[in-house]
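Pasting a structure below so you can have a look.
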Amino acid sequence: MVLLIQCSDKVGLVASIAGLLQQQNLNIVSMREHVDATQGRFYTRIEINGVTDSTLLSQNLAAELPSDAVINVNPNPTKRITVLVTKEYHCLSDILIRNHFNTLGATVACVIGNHAVLGEICARFDIPFYHISHEGITKDVFEEKLQQTLANYDFDFIVLAKFMRILSPTFIEHYPLKVINIHHSFLPAFIGANPYKQAYERGVKLIGATAHYVTNNLDEGPIIAQQIISVNHSYTTGDMVKSGKEIETAVLAKALQLVLEDKVLVFQNKTVVFD
Amino acid sequence: MVLLIQCSDKVGLVASIAGLLQQQNLNIVSMREHVDATQGRFYTRIEINGVTDSTLLSQNLAAELPSDAVINVNPNPTKRITVLVTKEYHCLSDILIRNHFNTLGATVACVIGNHAVLGEICARFDIPFYHISHEGITKDVFEEKLQQTLANYDFDFIVLAKFMRILSPTFIEHYPLKVINIHHSFLPAFIGANPYKQAYERGVKLIGATAHYVTNNLDEGPIIAQQIISVNHSYTTGDMVKSGKEIETAVLAKALQLVLEDKVLVFQNKTVVFD
Amino acid sequence: MVLLIQCSDKVGLVASIAGLLQQQNLNIVSMREHVDATQGRFYTRIEINGVTDSTLLSQNLAAELPSDAVINVNPNPTKRITVLVTKEYHCLSDILIRNHFNTLGATVACVIGNHAVLGEICARFDIPFYHISHEGITKDVFEEKLQQTLANYDFDFIVLAKFMRILSPTFIEHYPLKVINIHHSFLPAFIGANPYKQAYERGVKLIGATAHYVTNNLDEGPIIAQQIISVNHSYTTGDMVKSGKEIETAVLAKALQLVLEDKVLVFQNKTVVFD
Amino acid sequence: MVLLIQCSDKVGLVASIAGLLQQQNLNIVSMREHVDATQGRFYTRIEINGVTDSTLLSQNLAAELPSDAVINVNPNPTKRITVLVTKEYHCLSDILIRNHFNTLGATVACVIGNHAVLGEICARFDIPFYHISHEGITKDVFEEKLQQTLANYDFDFIVLAKFMRILSPTFIEHYPLKVINIHHSFLPAFIGANPYKQAYERGVKLIGATAHYVTNNLDEGPIIAQQIISVNHSYTTGDMVKSGKEIETAVLAKALQLVLEDKVLVFQNKTVVFD
């Protein structure tokens, strides 16, 4: 059982929380705690052994903690995700494989593509795929169609697995801190289109990928995970794209693992990752 | 102020400790906690803001915690180290530079070399250097001489910065968990002599270095830090030695930082590193 | 078009080879060359633009080069592999996905498992799967069955994708430098069984994986690629196994890419990798 | 002996060059070659065993190669550098240590600081240090003073080892491809001032450093080397600065090694690094 808490900092928070847990004879298996001194904000993640009433524990915690506390007792342990894609297969396939062998930490509810091409791989894994084209319609209409399809499913997160359309702030607001994107560069380098082309032209020696929550501003949301790989002068833009796919797959997998194991807290534009 | 505790695990340890701190109006700035379920052992590192009587806090903690608790309240904040060397300059120089600019996290009390060559660099930094040759005498006599010189200094750790003599268990027992070594391989690969030659002959694609506490068994003590770098077919043994020096310097620096910032706890043959 | 050559070294080898290519108006797009001074051995990989008769070029090269030259002009550009597996899905699935989307650099001819469980994922990708159990029969008989099945296919390499049986030297000799294995440790550390358990007990801070050609001696063949990831005190053996799978998948994928793009030459127990 | 050549690409370049070397009975120990297909440009680095007349070989090569060829036969094997610093000691100290033990690959001719504080460490190594303050004078006058001091020394490169003044294009033009800078970020992320503060505010999970040639545009010159290290939510800006120093030191050391071993060719805004 996992406990995620963030609130403004004050003396005695750990004692209050640990005291409550002890009263209920709950053993702390693992505890991570962080105080951001600049913000005066307290974050903790606690893994507990033992059985308790989650709602009651939440209420008891709320009674003892500052009024701005965000308390999450035992976040949904059987999570579900939806996946939005375009044409590139690598991130989606990795998710489908892990889902198939029950190592994703979540169940894939459905996949939506603005192109049809990835329907074939979804079919091989018996995962519902919806082709919702963005062509010939306004962004508003396109996003309304996405929402209508998504509305048919229960899910905890929308994963943008190389989904190459920019979603509007209006769309994102419907799913606060529920949309996770893999961006094909080491943000904040190469924001926007064609990052590998930009990287090639700049002659960089490393390329990267960034998984982040999507907020209103393009490529500006809280970063969950980043990784890089070495490149050199012999890499064409195409080679960088190819190598980039490997790191994109790895970073998105890592970020999903962290999020799905309830190891990420978000405050304003930053994450606290208890990995 | 830092608090390091390890003891056998039971329900309520965090509550006990945090309760005591709260009673003294001490704020927990940072807390790391680990329970090793296999061993049933609890480890914590707590950074505290506020002033308190260390001895009293230790006694109070001891009264509440299991009898096997190892409690370290506010470990010596002005640490001192001695350094043992042979002929290679890279690790020693890195330590001398950090010491000179007050970023080592400790003060270098003295340097002892079984060869004389590194006396010159110590002199440039006004650090006492003692040449104690191992030649023409037994290991017992050699180690007795080392001990006699060391006895003139107060120190918290002995750093073997490429000291190429094997110290006897008898010597090590005088300084339990106080001797830190940098080994020029990714242990447990290539234990013993000439690891780079072994690595070359095996055709490995990565070489590494390992910083560890020295215990009775050669190259078998608790590992503090390890890093690797890529090599390839074009590396001769000499090239591996050269590249290895870079990683040896970096790993020893990292391990010393962790140890000197009181982030490492040791139990049996393993470390818990709260980095 | 790719040209791979190795031979004993002498003055003028590059001139001879480049001269021959120039006579046929072939442009060198990329050239890598290595002389191992210890062995007195010359290695080169040349990418050429232009059309030529491979057999004739081979003959012409052989006429100019030392008699021990191993010349490979335009190695099979449409390679095929077979895959041997046991129960773990991660490496096989990665290969099947890349094969499905034509980015493997080879075609998967068939998969053989000594357990049946991975037949299901092969079926989803329409790849022939053969269950050949090792149980209740001698190793000789088991390997004979493997050979009989393999004999029905043309292939360039046998990939041991977490195949947990040790193959006899007799079997391996049938497929010289054609068998590629992923070993779940940073060789030569933790040779043999249960490397993650060994790593856990040693308290290492990094774990790795090694892809290598299989020769007569277990885990002793020429290394193609190695990578590591960080672990810490909080990792159980199970956590190491889980993290290890990620790195195993990545290292095997990297090694296969190198081999299938004809970037690896082997001499005695080492590789020259022109990556 | 090293040979560096770049020119526009055409068929037969390797044959021409290798033929010339063979005529003089020079053995190619190591050869790296790269053709940038986009630019139609050929680059090579050749290590040769044997003795020859450099000037004559240059002339012979020029006669055979395209007229735009840049030919560098046996670049100055006893290189000298000057170092410009401000207040931070880490990069300078690393250079001084390597210089002192003859492993830098060059000799430090002198150090110039716009602050006086690093004179002390230079004095310890008997290296001339000049304090040229930028305060109370125009940039023109400041740079004139720098040039006057530099004019007293022969040197191959000016190393900006955390020199915190922006040099004018006019100054840089005096030393084309001779000025090497370490920038404290993973370019092109966080161009300009306070990159670690920018990184902290963006909540990145990796920070980096970039060594590059300085050209007219700030932070825009050809990149030689880049590296990164992981950071997390617990890092303050100050912690990032501290960790950044480690990576800055390592990247500058690596870049200097590459440049001083004649492994870097530059064309327009990019490097070809034969490492």
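So that you can tell them apart, the chains are marked A, B, C and D in the order they are listed, and the count of residues begins at 1 in each.
Please note the rule applied: a residue touches a chain if its C-beta (ideal position, glycine included) is under 8 Å from a C-beta of that chain, and two chains touch if they have at least 3 such contacts.
Note that the structure is a prediction, hence the values are computed from the model and not measured.
Enquirer: Listed by label, which chains are in contact with chain A and with chain D?
Expert: B, C
Enquirer: Kindly point out which of A-C, A-D or B-D repeats the B-C interface, defined as over half of the contact pairs being the same residue numbers.
Expert: That interface is repeated by A-D.
Enquirer: Measuring centre to centre with CA averages, how many angstrom lie between chain A and chain B?
Expert: Each chain's C-alpha centroid was found; their separation is 38 Å.
Enquirer: If I count partner chains per residue in chain D, which residues reach a count of at least 2?
Expert: Where chain D meets two or more other chains at a single residue, that happens at 30, 34, 37, 234.
Enquirer: Using the touch definition from the top, list the residues of chain B that touch chain A in their complex.
Expert: It comes out as residues 9-15, 18-19, 21-22, 25-35, 37.
Enquirer: What residues of chain A sit close enough to touch chain C in their complex?
Expert: Listed in rising order, the residues are 30, 89-90, 93-94, 97, 100-101, 121, 124-125, 234, 246, 250, 253.
Enquirer: Within their complex, state which residues of chain C touch chain B.
Expert: Residues 34, 36-38, 43, 186-190, 202-206, 208, 222-228, 232-234, 236, 269-273, 275 of chain C touch chain B in their complex.
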